[in-house]
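Please go over the structures that come below.
In what follows, chain A forms one complex with chain B and a second complex with chain C.
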Partner chain A sequence: MPVIEQGGTQIWKRRTRRESLLRWFGWLLGVAVFMICWQRISDATTWFFVWDAPRIANDIWTRATPPRWEYITQLGRPIWDTLNIATLGTIIALFLSVPVAFLAARNTTPSRVFIRPIALLIIVSTRSINSLIWALLLIAIIGPGVFAGVVAIAIRSIGFCAKLLYEAIEEIDHGQVEAVTATGASRWQVMAFGIVPQIMPAFAGVAVFRWDINIRESTVLGLVGAGGIGLQLSSSLNVLAWPQVSLILLVILAAVVISEWVSAKVRGAII
Partner chain B sequence: MLRLQKLTKTYKTGDQALKAIDLEVPAGQVLALIGPSGAGKSTMIRCINRLVEPTTGEVLLGDTDLAKLGTSALRKARRSMGMIFQEYALVERLTVMENVLSGRLGYVGFWRSFLRRFPQSDVDEAFRLLDRVGLLHMADKRADELSGGQRQRVGICRALIQNPKLLLVDEPTASLDPKTSRQIMRLITELCQERGLAAIINIHDVALAQMFVPRIVGLRFGEIVFDGPPTGLTSDKLTEIYGEEDWEATIEKVEDDEDIEAAE
Partner chain C sequence: MSHRELDDMLGKGWRKPPFIANPKLRWALLAGFVAYLIAAFLTIEVDWARVYAGLDRGWQFVLSFTRPDFVSRASDIWEGLLESIVMTVAASVVGIAISIPIGLGAARNIAPMPVYLVCRGIVAVSRALQEIIVAILLVAIFGFGPLAGFLTLSFATIGFLSKLLAEDIESMDRVQAEAVKASGARWMQYINYGVQPQILPRLVGLSMYRIDINFRESAILGLVGAGGIGATLNTAFDRYEYDTAAAILILIIVIVMGLEYLSGVIRARVQ
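Right after this comes the complex of A and B.
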């Protein structure tokens, strides 16, 4: 009881004595664990390399600057590929995620016992594997190149888009659905008139958000041979051509900033 | 025209919302259903168009038992029952016109409705109805831009464009201010008269019901405990429906209101 009677006045405290003690011990334990971990990591570190780090970083910085500007002529095509991988991948993922989302949402799934778990499995499995790993697998199956990148991005995005969409579907106002049903509308009409208008803002938001993420993800796909600017990045790194690496990083930064700007504009226009 | 026979609804939780309801509504009669929250008013009208599945009993609309219809026959039957909701239940992100036309979904195929290519006759009727309720200039506005009273008018148009024989009205005024409530009730009862529609109106506001509706049915714990004209609602009857309370003020107020109405 946080209320204690003391000489006629009722004193209110947020927690009882027992609770405060328990919390205090909790904090103590947390700090102790943190210190122990710190100790262990410190023992396992070769401190020579850490002390050396500023010098190495400085060394790389001097090698990398100035960027090799004339190399930009060879980057136009790869960055275009990267954008295409992200955009096409996102579009394919959106097409595939819509049915998955409807099958996964509790209020629209045809069967909660059989179909919903399958849809959830698709969502979890596609989401939990990184697009780089998907790309590695797909390169083995369909060979290196842009197409593998597109498919990797698409598969990786299905789960993400479907999850956010099915949550939006579950949160819709049921009254509107009921009203459309009451007019004698068919199942599909109820979907088109009662549900789709309600999830449109969520859909548009998810689409630009995922596109934005995919631009970042597709820049590294080239590291494993799935096309795009990552290919140039990995070959430049392999030959220690630091001025090229710095230019590539600048180009990627520019692409990401532009995509961020575009998606912010689009989101602002919709919501 | 509508006859409920031994209509029972037991929810999965074991709550018996309706206990063997028998009720007959002749064509063209407007009826108010009153009763405390949880008495089963909403459940009853939802059992009629089967937004809630009745457990046992018959719902006879004309000669067909709605409780036994399959999916597509039920869709056809729903076309002849318009429904009006407490929170309006308009599709917020669609325009007023789209909302009104959605009342025709039962008559139009999927692709035509999806592409919004409703038959011209439906569009004409939608304009006529919007004009009737005074919202013609709002046809292109999105539903969420409208005020409560305006939304409920759109809801009424959506129900009427179905060309129904029966209106199921669930707390039409519960979200509206007193003046708008009266206007909406007046509009609903007028339109029912114009079109010879029967209606079942769930309503909390006893005074409002007495003011506009010729027959009142009182529901308590899923049973009909009163069925008669508004004048029959005495203090004793209200106590039977709602429980112990001083009802004199409510009843008197109604009579005053009626005097004013008559004077006008």
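Right after this comes the complex of A and C.
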């Protein structure tokens, strides 16, 4: 805590002059960066459209209300597809993420130097790319449809599930593992009876949590052609059928709220 | 456990206790799950011939990761990436700035009831709407370009950050804040000296995490015309230029890894 002598009296200051100068400079730099960014966005914007926005928003609102309720009869199948994409994708991802998690956790990996970095690379690369991009890619490879959506969701979820799982594995109680080892258990038996029971609640929690996120993500996968309710959304948007769009958005909102409620209930029951 | 039970168990084989204790519930869940899986598999149409034909293309894509092409579309990639970064920075700054007052308002222990309800409402709306859907609507209203993406990301940041911030404030240590209040602090001083020091480390950590998410999301907003690298990526896929697509994906992964590393360093310093 610096004390500055000023006119014979000592005055307490929170920071030294150097520190406060440095902080001030940091804030200046931050503001400058933000202003440059804002300048670029503003340059790329047609401001006429922005000033016109309230009128357009009002226009879209009058077109979109009331929603075309009878359209809901055609949404049954897309909702079922969306549910399938999310659920099957989560199941596949869980199967694939378990070995990745065991290879990535410091206490179970066979080799910290060679295998752990590979597992971490799988986790980072699948996690950093959005499921829409995976869907885009898979549609180019295996054609449009629900299957591409399932695979896209599965790949995207591997990293997420494996990361949370391997953190759970690293936090296990080592005493139990040692106790099982002391009975003469083999490597696989140690895993099955020493490690797996300890991470089972975490595993179930991750599964439900990811399923909830996947329901959200699979509702929009159809925008790029990967099946589900997004397909209906994109075709309604393309023909500017705003009453249908608003109904689909309501359905998506309901699906998101329900899945969040289910996931919260199940996680509450587990943990 | 009494000795009698132990005697009964002696000589019998040990079996792992099941994860779900109630046998009826266990079997019902299992049966329901299997029934769902059968129904799901029956309704998913997979064109295996198309998948088989696509495998070759998939392999081409995997191979293209070994020879990514950063050069031939360098200016497009650079423009898109810069726009993504600009959107991320601007949206994170604005989003965090707005989410702090909303987070304060959404904390039950410091906000009066009407403010609490309004702020919780904003958080709920922002969290329920998927980024890409918000982007579609904002592009329709504000026109193509990074402004729509910027607004989308800011809006999503508000929901995410305010909720977590409010939860953190609600679980803070009341005693410190109470002590500041008892010394006769005004409301602003109470927030500044009683609340802020307690939540600042978490706020910094969450903000770094959100910047990371914003960058990842900004990579897909281009798919619906809201600016960023997504448009370039989409074009690369559409033209089957897998080597360019691979280059973009590698850049995204590298930037996300860099951000994650940076946020780890900053969080370690703050906490």
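To be clear about the criterion, the second predicted complex is superposed on the first by the 223 of 271 C-alpha atoms of A that agree within 3 Å, B and C clash if a C-alpha of one lies under 4 Å from a C-alpha of the other, contacts with A are read in each partner's own complex, and residues count from 1 in each chain.
As a convention for this text, a residue touches a chain if its C-beta (ideal position, glycine included) is under 8 Å from a C-beta of that chain, and two chains touch if they have at least 3 such contacts.
What you see is a predicted model; the values in this text were computed from it and never measured.
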Completion exercise
Of the two partners chain B and chain C, more of chain A gets touched by chain C
Exercise for the section: Return first, second, both or neither, reflecting whether A:F193 touches chain B, chain C, both chains, or no partner chain. Expected result: both
Practice task
May I ask you to decide whether A:I92 touches chain B, chain C, both, or neither, giving the answer as first, second, both or neither?
Solution key: neither
Exercise for the section: Would you sort A:L250 into first (chain B), second (chain C), both or neither based on which partner it touches? Expected result: neither
Exercise for the section: In the overlay, answer first, second, both or neither for which of chain B and chain C A:G175 touches. Expected result: first
Handout entry: First (chain B), second (chain C), both or neither touched by A:T183
Key = first
Practice task
Please work out whether A:I118 is in contact with chain B alone, chain C alone, both, or neither, and reply first, second, both or neither.
Solution key: neither
Exercise for the section: Using the superposition described at the top, list the residues of chain A that contact chain B and also contact chain C. Expected result: 193, 197, 200
Completion exercise
chain C residues touching chain A in their complex are 16, 19, 36, 40, 43-47, 50-51, 54-55, 57-58, 61, 82-83, 86-87, 89-90, 93, 128-130, 132-133, 136-137, 140-143, 145-147, 150, 216-217, 219-220, 223-224, 227, 230, 233-234, 237, 240, 245, 249, 252-253, 256-257, 260
Fill in the blank from the handout: In the complex, chain A touches chain C at residues 30, 33-34, 36-38, 40-42, 44-46, 49-50, 53, 56-57, 60, 80-81, 84, 87-88, 124-125, 127-130, 132-133, 136-137, 140-143, 145-147, 150, 193, 197, 200, 204, 216-217, 219-220, 223-224, 233, 237, 249, 252-253, 256-257
Fill in the blank from the handout: The residues of chain B that touch chain A in their complex are 49, 51, 75-79, 81-83, 85, 87, 89-94, 98, 102-107, 110, 113-114, 155, 158, 162, 168
Problem - For the chain A and chain B complex, residues of the former touching the latter - result: 173, 175-176, 178-186, 188-189, 192-194, 197-198, 200-201
